[in-house]
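We call the chains A, B, C and D, going by the order they appear; numbering starts again at 1 in every chain.
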Amino acid sequence: MLDLSVNLLGKKLQNPLILASGIMGVSVSSLKYVIQNGAGAVIFKSIGPDERTGHKNPTVFSFEGGIQNAVGLSNPGIDNSTEKLKEAVSTLSVPVIGSMFAENVNNFKIVAEKMAKTGVAAIEVNLSCPNTEDDFGRMFALEPKVTGEVIRAVKSVVGKTPIIAKLSAESPDIVEVAKSAEEAGADAITAINTISGMFIDIKHKRPILTNKYGGISGPVIKPMGVKAVYNIYKAVKIPIIGTGGVNTGEDALEYIMAGAAAIGVGSGVYFRGIDVFKKISDEIIVFMENEGYKSLNEIRGVVHKN
Amino acid sequence: MKKIDKPLALPIKKIVRESERVKTFIFDYDFPGKPGQFVMCWVPGFDEKPFGIIKKEGEGFSISVAAVGNTTKALHMMDVGDLLGFRGPYGSHFKLPEKGSIALIAGGYGMAPLSYLAQEARKINLEVYLFVGANKKEELLYMDWMKEIGVKVHTATDDGSYGYSGFNTELFKIYVEKMIFGKVFIVGPEIMEFNATQICYEKNIPFEVSLERYMKCGFGLCGQCCVDSTGWRMCVEGPVLNQDELKKVTEFGKYHITSSGKIKKL
Amino acid sequence: MLDLSVNLLGKKLQNPLILASGIMGVSVSSLKYVIQNGAGAVIFKSIGPDERTGHKNPTVFSFEGGIQNAVGLSNPGIDNSTEKLKEAVSTLSVPVIGSMFAENVNNFKIVAEKMAKTGVAAIEVNLSCPNTEDDFGRMFALEPKVTGEVIRAVKSVVGKTPIIAKLSAESPDIVEVAKSAEEAGADAITAINTISGMFIDIKHKRPILTNKYGGISGPVIKPMGVKAVYNIYKAVKIPIIGTGGVNTGEDALEYIMAGAAAIGVGSGVYFRGIDVFKKISDEIIVFMENEGYKSLNEIRGVVHKN
Amino acid sequence: MKKIDKPLALPIKKIVRESERVKTFIFDYDFPGKPGQFVMCWVPGFDEKPFGIIKKEGEGFSISVAAVGNTTKALHMMDVGDLLGFRGPYGSHFKLPEKGSIALIAGGYGMAPLSYLAQEARKINLEVYLFVGANKKEELLYMDWMKEIGVKVHTATDDGSYGYSGFNTELFKIYVEKMIFGKVFIVGPEIMEFNATQICYEKNIPFEVSLERYMKCGFGLCGQCCVDSTGWRMCVEGPVLNQDELKKVTEFGKYHITSSGKIKKL
């Protein structure tokens, strides 16, 4: 029998498709809805030390082949979120991963410690939001050293909870950053986050987003994501959650062949609907049947051999 | 129906003051959209907010906006020729029965989507009974238009300045005892909606309600508008829900999520 | 009368559309053909110290919304090119800009000196090719300091010939790089070059390009280009040639409103045909007529005021 | 006609050895393409090269490849079921007259596009005279197919092992004196093409020739295939040029550009 299951950080996922952070993941109900539509695991929207309402709209829009967003890390703050995380962990049928951000090492520790206690399957450390430069300065994931520091600090307070470092293709040093995260104790890597850009409305004569810049996701960033995963795979031993522009089974397979252990799906919810998870799974199955594969292990990283 | 997902800049063609708090902004553009669906309207320099789409016969499209906060007040300051940005149409829409009588229960700017629905209903010769509520007479919208197209208008004002003195739901309750409505359509403040749906459930009348939640993306990605306990997105699976769907929305009439993601009681 | 002309580096261009380097610009004839189709100026394909045949095919292909290439800086070498450059300068009806690359400062000087003597209107220094890492190492344009060194060296040997520094959005420090180039004497900035990525063919189970990675151009990189120009415009005084994903008049206007003095057009030749230059000019004119503008100066950088 | 611009992986369905140096690779896929157009064929691990597209009646499509260098030799080593990647169709195509007689002058694998053209010409009942040249008899391609569809085949071999002894252009010159061809189609080594076009110019016969240049992108971007003095791209405006266009191509029969961009004499 054809098997799409993967083992990730000690958990078994029925399929490799993980809801990416910031999409849908605001409540237990919304995650449940995503799971009903076929996600193998889910990641909550990033949570920080304090409540944030985020940027003003327009914060999200879509263009040919992509989404641009500068939601601005809106979230209720960790203290308003722990109950929700616990409820999610205890009621949802797939592994629930928390996501966190902060503006300095100390706050990373505070949030991580509280989040770890909720029992989440893992904590994804968002080091790569491109939309909060004005509030928080340069993203952490640009620098190997800074990334290592944050991961080490987080690791020191989370006990056995696995840590995932979420990286950015905006760093030309992404491979070094990944290595540094691994060295600091990260248990997995997510690559990539959105890539920053600007759209101008020539009639309004201003950027479309209130934040002016915004992170770009969807198909247009897939080649940058695949390249990142391909290179990181060569450099680290920890698993990689390949993320960025996965809309179809073919997209997912590109990442898996580049070496991804699992796949993050975000904008695909817009491009193909909430059942994007089911659709991608089905498409992967068709491909594997045609090619005579039984398990994803047979094709993971296969590009490195050719 | 093609969606526009990147804001489309359109100049205001005409502005109509409907009441003290509400202005209608008319655009010379055939924006797609069915009754109950909404557009995201970008007011440059302020914010981008959801408004029900209205396509009055002979016009491109329009939105009717109540000035309630920063963005809507800024919108009220704008002039003919000024540009706004539009995305949409988003969300589910009302489904009319093929024949018979329908009732519309409207509170505040709930009249916006329901006026468009009334027009479509009259086009196919449905009997349309409107139960509209407002604080006072001056707040009632589209009365001329509705009468013109043959809608049977029943008004209720809090201060009794026009029609029934009290809530429109009370008025509806009186009529529902003596009349048969094939379907009821409800848009207004959530408490009004809640009361109206209770009546319909009691009387076993099929209905549709538009459930407004805070919107960011408007197209199903950010999760801001998801409701308990189904997780449905009010910008995709909603805002229009029917009596069976609504039963599963346990938060209806109780609470919603703020823009930071916190729970806020009604 | 509506006027699309711009002044750039002491030359008057009939319109702001410049053929980007590496597209068509291999011979005097090919450039003549481009000029017949409406280009306001042309840039030759980059020339280096020695002859290079470039990477093996596949070196170029197109996907939804973009082009990927790793041509690999094929060129006949500067000594085989000077006659061609001179002929171009003396016979073509618009300003002819040379483009150069090299693997070290010394060779930059050698090529630049020879190129300057051909009389080209300017020399674009390609510091940002993402496709020759294996041969040449990390691109120069990642680092402000390295960029400054190269530009200073080039400036020292070219006499009065204006120098354009071609930068990459792959550098998160692109604004600092631009400032450093300006300080070192660059007379203009081109932003941006292609952005590196990878496409995997899941049936072949290998990257499509022989070079594995390749630079991505076309519409998908426009938001990164516009952001770069917007930010560089705030930081430097020298003119910027906004490049990346310009297919339409609207695209060009986004760049101009972000602050671009002129516009590079490359992949647009594929997406809209060789007459892309005429088409874009026409579209800009329609917009300006509708909005009542008479000259591009009225809208250049206008986004910064809103 | 939709183009495929990202390599499409297709398994080889059948391989036919046409001659010592030429094999035909057949694919079960209805690739678009007209006679004279070409595909870019990716031989994974080697290179991606241009080959004329052939769509023989009843087959998907095929390419006939002469083993001349690394890539084509690698291609010759491949088996049924192996995958190749295809982009295209690219370039201009031959335009047949509506009626009358045409002559095809083919050298080497020039027979590939001309065989497909011959098929299309016979479909509309044109008289087709083929003047085909090769070193020796064993190098002649598609003789059976051509005869089958009613093409009048005239062969020339360098060693006289089959038909006329000498060049096919000489043979053509003999025929052209006594026959009237409405149009001539020429594909082969550039020197053969040059000689053939000289005859046509002299006799004032309209013709089309396929002018091969080194190709990289195949779709008009890289400039690799541009010719002097027009700057036309042989992957877009060419490879098929007519007698008037060819006059403007001053490099024809003289030189071309190598993959580094240097000029190389014929």
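The rule we apply is simple: contacts are C-beta pairs under 8 Å (C-beta built on N, C-alpha and C of every residue); 3 or more make two chains touch, one makes a residue touch a chain.
The shown structure was predicted, so the numbers you read here are calculated from the model rather than taken from an experiment.
Shared contact partners of subunit A and subunit D, listed by label, are C. Distance from the centre of subunit A peaks at D, each centre being the average of the chain's Cα atoms. If you average the Cα atoms of subunit B and of subunit C, the two centres end up 51 Å apart. Subunit B and subunit D have CA centres that are 66 Å apart. Remark: subunit A and subunit C have CA centroids separated by 34 Å (rounded to whole angstrom). Centroids built from CA atoms put subunit B at 36 Å from subunit A.
Residues of subunit A in contact with two or more other chains: 199, 204, 206, 306. Multi-chain contact residues, meaning those touching two or more other chains, occur in subunit B at positions 44-45.
Under the stated contact rule, the graph of chain-to-chain touches is a line, running from one end chain to the other without closing. Applying the touch definition to all chain combinations yields A-B, A-C, C-D.
Residues 22-34, 45, 51-54, 56-63, 67, 69, 71, 74-77, 80-81, 199, 201, 203-204, 206, 208, 210, 266-267, 269-270, 273-274 of subunit A touch subunit B in their complex. Chain contact summary for the complex, subunit A toward subunit C: residues 64-66, 68, 138, 142, 170-172, 195-200, 202, 204-207, 212-213, 216, 219-220, 222-224, 226-227, 230, 250, 253-254, 257-258, 287, 299, 302-303, 306.
By the touch criterion stated above, subunit D contacts subunit C in their complex at residues 5-7, 9, 40, 42, 44-49, 83, 85, 87, 216-224, 226-233, 236, 257-262.
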